[in-house]
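Consider the two complexes below, in which chain A is the common component and chain B and chain C are the respective partners.
Presenting the complex of A and B:
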């Protein structure tokens, strides 16, 4: 059809001019052409899927009848859960922020011995799933429960999510700004508050939001210490009454909590943009001498490493010793390992593929509509796994029963949950491959697809791999959605661990925990390495 | 004959017209420079010719064949047009040899030889072929970009401010080298730049661009000496514009009676002088008192030393009667003079004009 149209067009002009052949002359739509159009369609479809839980909750509310819905939402139980959740956030998020800021400053700006080792030890706790942290603490201190236990373990399990962006931003800070501030008469202490801290605002806001959303979505951690949040309550409700409206209405309240967090973050972040003005390579930072404070600072790092890595490894080691050879049921562990790997790889791949249209649009065809669409993607990704799982379960049961508890649904849920992780990495890496390179390739005679492959795809590949690693890591340690959606007979490492520790067979659960940590560690190392290299170190 | 023809080419982004009806003819084997400030649409024009973008209206013809109009386009990879971008746009993941050979068929016989020949042509040492782009200086990167674009033996080369990232000394020598290389290869070239000296020295044909339109197109000499209007005059160099009355091939103005390049008659006109047409000669106040009619004297009001060339501001002393002309006479003339003979502040000088004045629209 295209050739036909081109032919007609060439015929009309042929009266005046000698012409190039019809197959050379293409009817090309404006802008990025068909690529742009298909990317836009795909991005719209995927975004629609990611925010599907929102209309789903409204739909259930409407089906249940507003009066019943309102009575399900406004009851004392919901009030208790709300108090618990809010207290948890109010206490844990600031503590996390202060700890992460202190650690990042020490590992990036000070003359602490073995700084690079400490930096790595601050990231390594990411390899320990939050519910394994909780398991470690509860087996060490069986009496642990309630709000404060929740706060402490949450801080220990989630501070790396804040440490990473803060450390990365600190590393990229231009020391010339500090010099300028010092020459304007500011003391080091005031430089920190007036120059460094403001530049960390984006990292602090983003990281704090991430931690907050994780706390809202966390399930396993709080079950161990018998601390009820919305997520644990929804899963309880779901397990006792399947997909009753009560669970969905709780999910509605949880979603509102997420939206409140998102809008608080958006408000605090403002429109600030911080980047280096001017060109030239940034100087290396001259480390701050700690002097007499060195032992005290070292003590903070040692304590953090002990709590976040020492206690889980110690507990797992103790249970492994106690359990002896009996607990190593290699057939079961091996099978769980295999299943986990398959889900993680397939899910990671699918998530990365799903992120391509949005990432591509936001770099290559930026505009108001694209920004709004991208915002919706992050909104969808902010929804807790339990809400997404509930929506997917209910929708498949009611409208597409053949997909209920199949591989397709669990992979879909994973994609929706971890899309923002892949999106962020992919976006950054596509931005590293300017469109001028694609143009250069085209002017050198490469066909559009070939030009795309030889430049943009080739250059964006490392970032895409990092995004996929992040998504896979999330899937590997995912528990809530996996339990609700996985096909019958599925038993991932996380599920195996959960089932055994649920029967209080803590010794038998230990090998699962160890394997999860061991397969996560290389991925964490990879990501840490990548972030260091991106910052030019 | 014209190798490239643009006929009423338009391109708009939303409600902003980046190009508002452009006509241009580029002769085979010639060099054309498009000069204008950033945002005037010159890069958009280049993108349309390269095939990275499609015009909203109008036609682009190459070798007499339509390559783009509102309803279709020949895609960039079939146009045989080479492009050298501002920053070179080298592929960061490939070596220099791989960059140069990017457009050459992988199985082409003698590929290695072609690559090293190209490197030699643009003046690159063979030993850098195995390096990566970030290990090269800006000038070397531009040479690689040129070699890469020439590898396909393009019919036409588009240069998008390729020298702007280089420092002053390197710029002139690169410009000369590139002009020579393209001349020897007989490639029709379009250079886009905001640097007037670059445009004037590089091209056979210069187009001055403003807000998506060509203000004037012509040879460098024609544009510099006989610009249509003040804007074109000022965008190609320092300009002294004076009010004058014209009659019988002479202009009456604050600098006296000057020969002009027309015989028409006008009561009010604006004339252009280039600063280098004005010469200063030391004089004293007695000379001013005893001046013959028509002799123009001035006092140096400001002088700025800048190495070989100094900038001198002079204020005319004996203004003609008309108050309108007097007002213009009071604004000092800014001239650039060799430092060895430039007068000091407060000195009295006699002003003389050589060559003809040009009448502006």
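Presenting the complex of A and C:
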């Protein structure tokens, strides 16, 4: 009915303006108009850019000569780094998972007092950059170093990345499944392992992968505690030789680590379906009574909040007191704040725009080729910032001088690094915008691109905002790529913090840390709020 | 629709504005600065005040910038290059990327602190020292030579910052003085014996805390900390190897003007200013505690005078950073 009316209107408009012919109109509903064609071209171009570091490493390897390259890869130092990196992942990721699972269960399923406050406190550590966590711990315990220090601080800094997806999934679980299991005689523990845990598989795998990739890419955290990983070693090489082959070959090994992690995740995730059969609203979950265990569970939450928020805030506060008024160099901090904000906003915007083609295709024109293309996007995003920066700096210095050390280049690098964050959010919200609206808008005479803007993209705005917030958050705390690529004279908050703490002026670094946390908090709040609302709370 | 278009247009406008703003910032000269940022800031503040020439800093490490300038070649955005040590200067010069310095700039610094070809110049100097914890070591248990630290008796007892340009310059001096075999063996023993920290200040802090007995660093970290809170140097003292030992190496910080610079006059003026009276006076009165090298310029009176250090004679132009990085990579230190 509606479509018929729209069709009639289109005919009139077409006669008047001779813009949309009946043929055009018939094409669009199938999703093969020129929007689709341009989206495909754009998606291909962006995907090509995201995986550029891979051919880059091969190119350098070939240029250096395979014999030299191989001698740079198979040497004892690389073995040491590999042991460090693997041990870190093997210890920190499971610990992170268990902690996040326990916290998520307590804040979603139990009758713990002030659950909403605790839920927020489990997310808030996202506002504290990992290197600030490390700075706080090393201030309290100056001798802290090595693997276990790395594991503990990593868990504290990164558990929210696992907490978020687990809590979101728990919130949407249908208690009917548990009821069924209970009615079949399962004990609560067995219900947890046989019914709840399998439904969390996607969240657990995805979150664990995210944490693992972050650990591989992290730099500042491990420098403070003198723990060497591939990323710190690549930066060391870069600082000795700029873009020498040794750094690139280390990057090659690091990329292989990422690929291994991705394939482990793909293997564990499996293909099972976990959706609820049938429609209708799920019953509200009845909180589990903790009874005598309440104090113990509260202790876990208090300890987590104390370690992940209390220690950084106390340390920063202590340094601020010790530094007094002298450390508030408002001109420098203000300029760094302004530059950080500009980079984060522009970078976030560009990343979101770059995510549109792939997100649109994955919903409007799904297929085998599209899935493969999308997979490559995630692969590119899994590469550590230092690898992307190394590739971008070498390519621009050798072949694209125009873009060397420009704003455009660093924004491009940010886009490549944070594209998956925007893509995931955007895709989910485009899926919720019915394609028929796009068709109707087209049938009302809008050009295809206009129709897209006016309907789907506008409806996807909340998701796009969330994606942009995630990307901006990443950019604000980014250190290694920013140092390598930023235009001359750039000094972000992270760079300022790093320079001062590097000279052991921990007091002067404290205001930078505080400002970074304060500007991240509203974004975290936005994300938390949105994830709660999407779950209908 | 309109909102989104406005947002995008706004973003684009902002991007353009930022580019323009940064282009305006880039007016004046660009310095690739591997020296301590605080010292260079003191220099350029004085320079800009006197000449009105604006200076934009990019902060990094000696050899990082040296190799970066080579990779950039004729397109380098840098006008001036300042380092903490000589090897990176020698590296850039070996690719012929420096413009010769003005004769009156060169005449401000004695010959031993600049290469004969006059392509770059010493702007300051620093001495290698062994910093040690006073409660762990005493005069008779200190190493006589830096080479002694390769001995098994020193296993797990000393520290260094192998990733920094400072330590790599010291290895460069060792290579120049004792040759490749001795250096490679010493580095191999070092890998067994030493503990790695990032930054000389961090090494001193660890020695001060008693985490480790001693470490190879440069002298001024100690004096800088003493002049401030002293919290990282209360329990330590400095041991000067003297006796022309490789560990008594005095490293010359360099400054040079890039041949590719489009602001030759301004760039030359900066080097002249730093090596002149005003620039060298900042070394004496400021908080850097690096040695002044200008003609007749005095260093801070708290320091052991340069002439008393009995440092080995090393030609700064012969220091080979590429070879050092290779040897250290082979020894598994990088």
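Just so it is clear, the second predicted complex is superposed on the first by the 491 of 537 C-alpha atoms of A that agree within 3 Å, B and C clash if a C-alpha of one lies under 4 Å from a C-alpha of the other, contacts with A are read in each partner's own complex, and residues count from 1 in each chain.
Methods note: a contact is a pair of C-beta atoms (placed from the backbone, for glycine too) under 8 Å apart; a residue touches a chain by one contact, two chains touch by 3 or more.
Here the structure is a predicted model, which is why all the values come from computation and not from measurement.
Of the two partner chains, neither chain B nor chain C is touched by A:335. Residue contacts after overlaying the shared chain place A:378 against neither chain B nor chain C. In the superposition on chain A, A:120 makes contact with neither chain B nor chain C. Legend: residue contacts after superposition of the two complexes on their common chain; A:142 is shown touching chain C, with no touch to chain B. When the two structures are aligned on the shared chain, A:458 is found in touch with chain B and with chain C. Once the two complexes are overlaid on the shared chain, A:447 sits against chain B while remaining clear of chain C. Contacts of A:44 after superposition: neither chain B nor chain C is touched. In the superposed model, C is the one of chain B and chain C that contacts more residues of chain A. Residues common to the contacts of chain A with chain B and with chain C across the two structures: 454, 458.
Partner chain C is touched in their complex by these residues of chain A: 72, 75-77, 80, 142-143, 223, 226, 228, 233, 236-244, 246, 342, 345-346, 349, 353, 394, 397-398, 401, 404-408, 411, 450, 453-454, 457-458, 483, 487-490, 499, 502-504. Looking at the complex, you find that chain C touches chain A at residues 1, 4-5, 7-8, 11, 14-15, 18-19, 22, 25-26, 30, 36-38, 56-61, 63-68, 70-72, 75, 77, 163, 165, 168, 196-199, 201-202, 205, 209, 211, 232, 321-322, 325, 328-330, 332-334.
Per the touch definition, chain A reaches chain B in the complex via residues 6, 9-10, 13, 17-20, 24-28, 30, 434, 436-437, 439-448, 451, 454-455, 458-459. Interface residues of chain B facing chain A in the complex, by the touch rule stated above, are 50-52, 54, 61, 64-67, 69, 71-83, 85, 87, 89, 91-93, 102-103, 148-149, 151-152.
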